[in-house]
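First, the structure itself, so that you have it in front of you.
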Amino acid sequence: ADCGTAGPITIAEMTWLSAGTLAHVAQKIMSAGYGCDAQLIPGDTVPTATSMLSKDQPDVAPELWVSTAQSIWDEMQAKGNVYKASDIFASGGEEGWWVPDYVAAEHPEIKSIEDLKANWAVFADASNPEKGRLYGCPPGWGCEPITNNLFKALGLEETWELFPSGSGETLKASIAKAVSRKEPFIGYYWGPTDVIGKYHMVRMETPPFDAENYKCLVDINCADPKVSGWAKGEVAVAVVTSLKERAPDVATFLGKMQVPNNDISAVLAWGDDNGATTDEVATYFLKNYEAIWTQWVPADVADKVRASL
Amino acid sequence: MAQGFPEIFDVRALGRAIDTGFNQIVADYGATLEAIFLPILKLLLAMEKILQWLPWWVVILVLAALAYAASRRWGIALAVAVMTFAIGLIGVWDAAMATIALMVVATLLAVVVGLPIGVAMSRSKRMQSITLPVLDVMQTMPIFVYLIPFVMLFGPGKIPALLATIVFAIPPVIRLTNLGIRGVDPEIVEATRAFGASPAQILLSVQIPLALPTILAGINQTTMMALSMVVIASMIGAGGLGYQVLQGIQRLQISSGLMAGLGIVLLAIIFDRIAQSYGKRMQKSLKLDH
Amino acid sequence: MTTPFKIRVEQVSKIFGPDPKTAMAAVNAGMGKAALLAQSNHVLGLHNINLNIRAGETFVIMGLSGSGKSTLIRHFNRLIEPTAGRILVDDTDVLSLNAADLRSFRRKKISMVFQRFALLPHKTVLENVIYGLVIDGMPKPQARAKGAEQVALVGLAGFENHYPGQLSGGMQQRVGLARALATDAEILLMDEAFSALDPLIRHDMQLQLREIQARLHKTIVFITHDLDEALLLGDHIAILKDGVLRQVGTGPEILVAPADDYVARFVRDVNRARIVTCGALAVPGQAGGDIELSADQTIESAYAALAQTDAPLTVRQANGDLAGVLTRQQVFDALARA
Amino acid sequence: MAQGFPEIFDVRALGRAIDTGFNQIVADYGATLEAIFLPILKLLLAMEKILQWLPWWVVILVLAALAYAASRRWGIALAVAVMTFAIGLIGVWDAAMATIALMVVATLLAVVVGLPIGVAMSRSKRMQSITLPVLDVMQTMPIFVYLIPFVMLFGPGKIPALLATIVFAIPPVIRLTNLGIRGVDPEIVEATRAFGASPAQILLSVQIPLALPTILAGINQTTMMALSMVVIASMIGAGGLGYQVLQGIQRLQISSGLMAGLGIVLLAIIFDRIAQSYGKRMQKSLKLDH
Amino acid sequence: MTTPFKIRVEQVSKIFGPDPKTAMAAVNAGMGKAALLAQSNHVLGLHNINLNIRAGETFVIMGLSGSGKSTLIRHFNRLIEPTAGRILVDDTDVLSLNAADLRSFRRKKISMVFQRFALLPHKTVLENVIYGLVIDGMPKPQARAKGAEQVALVGLAGFENHYPGQLSGGMQQRVGLARALATDAEILLMDEAFSALDPLIRHDMQLQLREIQARLHKTIVFITHDLDEALLLGDHIAILKDGVLRQVGTGPEILVAPADDYVARFVRDVNRARIVTCGALAVPGQAGGDIELSADQTIESAYAALAQTDAPLTVRQANGDLAGVLTRQQVFDALARA
C-alpha cells in the first residue's frame, strides 16, 4: 500500500495529551508505513474544526470531540466535506460530573447527580459559603448548554453556584488543586483522559439516557429542561472527504483507527507520570501495544512502521 | 534535517524537580494564601454587586461627572456619557460592570503596591538596577505561564485573575513613578534642599506633586494593560466581558465576540479619556498658565 | 578670634568622577582640566581655591560657562562636598555639620536664588515665598504674614495667589528673591540670578537688588558672566577659569591691572567711563569753579559737567571734604589707557 | 437585583447579520485571500527551515555578530551569545527557531506596511487624526476577537497567526515613525527648506535619518509586541515556543511552560538588547560625539 | 526701472492663527498684539512693515524676544507667507514664484545662517557645507572642491570630515556660515547667528564676518538683540517691537535721535564713544597740529590723541580731504547728550 498522493497530508495536533499522542501515532504510521508527507498542524478544537469546515484543512483530526464543536460538526455533515472515519475510542467518550474518590468515599450519600441538591454544603467554597460550587463546562464547548440545562433541571439554582471554568486548562488545574489539598470538588469532565486516571476521579451516577430530554438539554434556549443521562460521547476520527480520493489506502487505515478506553488511559498515565512528550508517548504506544495498531493496517505497512521505531 | 541543540544537561530532571516542588507548595500553603486574599475577593465582589445594582443612568452620570471633574470640559463629559450609553446599547452592560470592578480593584492594588516601589527605585541606583530587569521579565513572560500556577494555588476565580492581571499590569506604574520622580527638574529639588528641606519633605511637597502627571500616565497605562488582560483573565474565572468574548469565539459567533470586544474598547477609551485629560490638565497647570 | 570675613574658602578643590582622590593627586601634580578629562574621565570642577568674603559685601564670581562658578557657590551651603579643603561660615566649618545641623544652617543662615528661578510650579507665589519658613516649622498664619511683607518688598503685592506660570520671567525672579529673603538668612547666594531675563528687565532687577542691599546689608555672593553686571553690583570680583581662580579684586582694580592675558581679554570691551570714579582720578589741588563732583560718581556721569567748562572741577568726598580736582586731560588719560 | 441596561434595539438581529455577512465573505473570498498570502507563507516556512537546519553555534555566532555590529561593544555581543546558548540549554532550541522566524517575518511586514503609513501621518494633520483612533482600537480590541475570523478566512496555521500578530504589533512602528519625523528639530528642516530642498529630498536626506532612532524604538516595540503574541498565535497554529507553553499548561507541567516562557523572555531580551544598543549608538552619533 | 534696493518690503503684515484675514481687519482697526491674542487667540507677528535694504549693505534687525524679527526675515525667502503685503527681491515679487522657481530662488539667490546652527548632525562638515549644492544637482566632486574652499575660508580646513557634534559652538557656527556662503547666494540671512556663542568667541565671529563681508560684498540681513553687535555690524538698523517697526536708520542716527521712548530705553546703555565717529563731530576749521584723525574712526579710538593736546585736532576724510577739527569740548558735548 502506498500513500497515493505526493502532496502533504495534514493532521491536527491538539494540545491535550491524548489528542497529541494520537496525532503522532497517525503521523508515524502514515509517513513510515505509507510513505506520506504527513505534517502536524497544532491547534485547538474549535479553530481546527472551523478550518476543516471552511478550508478542508487539516485533512485529519484523530480525536475530535463532536459535542465540543457541535454546530460546526452539523454544518460539516450538511456540507459533506468532512466525515467520521471511525470512533477513536472503543467505548466512546464519557462525559459527566466527577468527584475525586476521597469525596465519594467520605460521602456515600452522594452517589448520583440527583443527590446534589440536598448535599450542597459539602461543596461550599470559602468565597461564597452559602452555596455549593459546581465547576461548569468551558465557554463555547458543546457541554456548556448541557451542563447549564442540567443544573436547572436538577433544581440546583437555589443552593448551588455554577462556576464558569474559563478553559479546559483551568478546569484541569482546579481539579489538581482540589485533589492536592484533599478539598471537595465536583465538576464537569470527560474521559478517557490522563486527568481521570491520575486524580482518581469518580463519575456521578445519572438517570438513564432519555433521547427526548437530551435533545432539549443540548439546546441553549431550552425552555424547560428535564433530567437525562449524558449521551455516549462521540469522538471522531474526522477526515476531509477529499482524502478518500487522494489517499484511498490511508483513508482505509483511518477507518479502522480505534483504541480501547482502558488501554489508552494506561498509555496516557504512563506519559503523564514520565513527563513524556507526545512524540514519546506515541512511540511508547506503537512499541507496546502492537496488538492494537497492527489491526489498522496491512502487514507490510505494519512491518515498515515497526522497522522505523 | 534539523540541527537542533545538543542535550547538554538533563532539563527534564530539573523540570520534574520544579513541578514536584510547586505541587508541594500548592498542597502546603495553598489554603493559607487563599485565606490571605479573601478580604480582597470580598471587596471585589461587593464592588461588582454595587455596580450591577446601580441603575444604568446613575453609572453614566457618575462617569460623566468624573470626566468633567478631570477635564473641566463639557465635551469630554458628553463623549464619555455617550460611550457609556453605547456599552449598554450593544447589550453588554452587566458584563461591562463586572469588568470595571475587576479593573478598578486591580489598578488600585497595582498603585498601592507599585508607587512605593517606584519611589524606592527613584532614590537608589542600586534598587533601580535590580528592579528594572525584574520588570522586563514580568512584561515579557507570557501570562499563560503563570496563569495556571495561580489557579493551582488559589483555585479558579477572581483572585488568580486579579493577581495575574496585577503582575502583568503593574510595571508601568512602577516605571513611570520612578521616571517621573527622576524627571523632576533637579534645580527645583536642589532649591528645596538649599532651603533645608528633609528628604521626606522633598518627596511629599515637591517630587510627588511634580511627578504626578507622569505617575498618572503610568496609572493610565496600567489600567489599559489590565483591560487588555480581560479575556485571558476570564479564562480562569474572572467573568465579565472577557468571558463573553471567549463564548463568542468558541461558538463562532463573530458578532458576539465583536460586541464584547467593542465593549472592552469602549471601556478603554472611556478610562483613557478621563485619565489623560486629567493628566493633561495637571501638566498644564504645572507648566504654563494656572 | 574673630575675623571680618563671613565666608572663608580654604584650599578647596572639587573633582567630579568615580575616583576623585586619585584624580586629585594627578591634578596636584600639575595636570590640567582638559588633560584630566581626556585621560581619566574625571572633571576638574575647582582647584585650590582660596577666598575670603566680607560680611555685608556683594561678592561677584565671574567666568565663562563651565569655569566652576556654580560648583564653587554650592560649596557654601554644602550642596556639593569638596574633594579637599575647608569652608568656614562665621568661623564654623560647614563640613563638620551633621544632617540636622546642616538643615538648620540652610534654613536660617544661608539662602539661594537660582538662574532659572526654580520656583515650585504647583504652589502660589505666597506659598513659594514661605516655603523655607514652613519647612522650618513656622505656623502657617505667621509665615503668611511674613511672606506677604517680602512679596511687597519685591513689588509683587497683589500677586500672592498667582501661580509662577502666570508671571513673567522678571516677576518670577522677584519671587525667587522674596523666597530667599523671607528666611532672614544673613547670606544670599545668587547663581546667575538675572541671566534668564530680558536685558531691560535685567537692568531693573539689578537696580532693585542694589536698593534692597542698601537697606538690608546681607552678605551676597553673586554669580554672573556678564562683566557690566559684575561691575555694577560687585564690591569684589573673582574671576575663575577652568576651575582656577585667576584674579580677585575690586572692579577698578581688575580693569586697571588685569592679572593675566585671559582677564585682560575678558575686560577688554568695558566702558571705563562707567566704572572709573571721579575720586579715583582727582589730583590734589585748589577747589575749582562752582561745579562740584562727588568722589564716587562715575566719569560718565560727569560728562555734562566736563562739557561746561575747561577749568578743573572740584571733587568732594561724600562727607564734603575736598578730594581734589579733575581736569579734562586726566579724563582722557584714564580713558585712553585701555 | 441587577439593574441592567434596558434592551433598546435588537442587538441579536444585528449580530446575526454580521455573522451571515462574514460567512459569505469566507465562502466567496477565502480562497483568493489564501492565494495572495501564499508567497509570504513560503517565505516564513523557508526561514524556519533554514534556522532549524543551521547548526546551533552558527546561529549563536550570527546573533552575537549582529549584536556587536549594532553596539560596537564586546560585552553586549557576549551577553547575547550567552543568552542564545541558554535558550539551547533549557531545551527549547527548535521551538525558539520557529518563533524567531515568525517574529522576524511579522516585524518585517509590519515595518514595510507601517513605515509609509507613519510617514503619511507625519505629513498631514488630517491623516494623523484619522489614523490615531484606528490604532487605538487596534491596540485595545482583544486579539481573540479577530483571531477566529482570521482562522475562518485562512484556516489555522501560520498565516492567520502572522496576520493577527501584525495587526496587534504594527501600531508602535506607525506611531513612532510619525512621532520621530514630527520630532525632527524644525530648525533643521527649515534650514533644508531654506536651501531649496524639495519635500522628497527633505524626507530622505534629513527627516528619516534623524528620526531613525525613534523609528528603531518603534520597530523594537513592535518586535516585543509580536513576541508577546507568541502564545496566542500558537493557539491557531503558529507552533514554536508558544505551543510549548500551551502544551505545558494543558498538561499542568509548570516547568515545561516555564522553560518555554523563559525561552520567550530570552528571545525578547536578545532582540531588545540588539535593537536598543543600535538605537542608542545612532542617537549618540547624531547628538554629541561621532 | 531699477532701484538701488536689493530687498523691498511693502506693507507686510503677518498674523498667526486659524483665521488671519478677520484678525487682520481687527488689527487694521487698531487692535494691539496683546488684545488680539486675548480676544481671538491670533498672534500678531508683523504689522504693516515697510523696509528697503540696499545691495551690499549689512542690515540689522533688532528687538526683544517675540518682537517679530524671525518672522520678518523668514518672509524674505518665503519660509513664511505674509498675510498682506509684498516682498520684492531684485524687483521680483517672491510671492509670485511657483514651487520650482521658489526652490531655485532659494538655492541660488538667498541663503541663511541659523541661531542654533541647524547643521545636519548625521553629515560631516564638508557634507553640510555642500548640502545646498548637492540638492541643486551639482556633481559631488565639483561640489566637494567648492565646499573645501568655503571651509578653508571660515578657517576650518582640516575639519572637513568631522561631525558637527565634535566641534565647539563657534566652529559649528562657522560651518553654518560656510554652508550659506557655498551657494554663492547674493543675499545672506542671519537669524541671531551669534547668540548661542560664548562672548569671547562671539566677538571673534563678528570680526570675521566683517572681514568676509569686506571681501564678498553680499547683502546681509542680520538679526540680533544685542545692541553692541548691531552697532558693530550694521550699516542700517531697524528696531521692531510687538511686530511694529519703531525706527530705521544708521547706528549713530538712532543713538542721537531715538524715535520714541522705547528705542531710547533700548539704546540707553550704549557706549557712545565707540559709535560716534570723529567725522560726525568735526566742525569746519583750520587744520590743527600734527596729530590727525580720520573721519570714520570712533571717538574712543581718538582718546589717546585727545589726551595729548588741548588744541583742536585735524580730522581728514579717507581720501585725505579735510573734514574739520575736533575739540575736547565737542567730545564731551557729544558724550553728555545721553
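Each chain gets a letter, A, B, C, D and E, in the order it is written, and its residues are counted from 1.
The criterion applied here is as follows: a residue touches a chain if its C-beta (ideal position, glycine included) is under 8 Å from a C-beta of that chain, and two chains touch if they have at least 3 such contacts.
By chain, UniProt protein names: B, D = ABC transporter permease; C, E = Quaternary amine transport ATP-binding protein.
Quick caveat: nothing in here was measured; it's all calculated off a predicted structure.
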{"item": "Smallest number of contact steps required from subunit D (ABC transporter permease) to reach subunit E", "value": "1"}
{"item": "Joint neighbours of subunit C and subunit A, given as chain labels", "value": "B"}
{"item": "Farthest chain (mean CA position) relative to subunit E", "value": "A"}
{"item": "By count of C-beta pairs in contact, the leading pair of chains", "value": "B-D"}
{"item": "Separation of mean Cα positions, subunit E and subunit A [Å, integer]", "value": "87"}
{"item": "Between subunit B (ABC transporter permease) and subunit C, centroid-to-centroid distance (C-alpha), Å", "value": "52"}
{"item": "Between subunit C and subunit D (ABC transporter permease), centroid-to-centroid distance (C-alpha), Å", "value": "58"}
{"item": "Inter-centroid spacing, subunit B (ABC transporter permease) versus subunit A (mean Cα positions, whole Å)", "value": "36"}
{"item": "Overlap residues in subunit B (ABC transporter permease), where contacts from two or more other chains coincide", "value": "12, 15-16, 19, 147-148, 152, 246, 248-249, 252"}
{"item": "Subunit A residues counted as touching two or more neighbouring chains", "value": "46, 50, 169, 173, 176, 275"}
{"item": "Chain-chain contacts as defined at top", "value": "A-B, A-D, B-C, B-D, C-E, D-E"}
{"item": "Residues on subunit D (ABC transporter permease) engaged by subunit E in the complex (per definition of touch)", "value": "185, 187-188, 190-198, 201, 205-206, 209-210, 285-290"}
{"item": "Contact footprint of subunit B (ABC transporter permease) on subunit A as seen in their complex", "value": "46, 50, 71-72, 125-127, 135, 138-141, 144, 163-167, 169-171, 173-174, 176-178, 180-181, 275"}
{"item": "Residues of subunit C that touch subunit E when the two form their complex", "value": "64-65, 198-200, 203, 225, 228, 265-266, 269, 271, 273-274, 300, 303-304, 306-307, 310, 328-329, 332-333, 335-336, 338"}
{"item": "Subunit A-facing residues of subunit D (ABC transporter permease), complex", "value": "26-27, 30, 34, 147-148, 151-152, 154-157, 234-237, 239, 243, 246-247, 249-253, 256"}
{"item": "In the complex, subunit C residues that touch subunit B (ABC transporter permease)", "value": "77, 79, 102-108, 110-112, 114-116, 118-122, 131-132, 135-136, 162-163, 165-166, 179, 183, 189"}
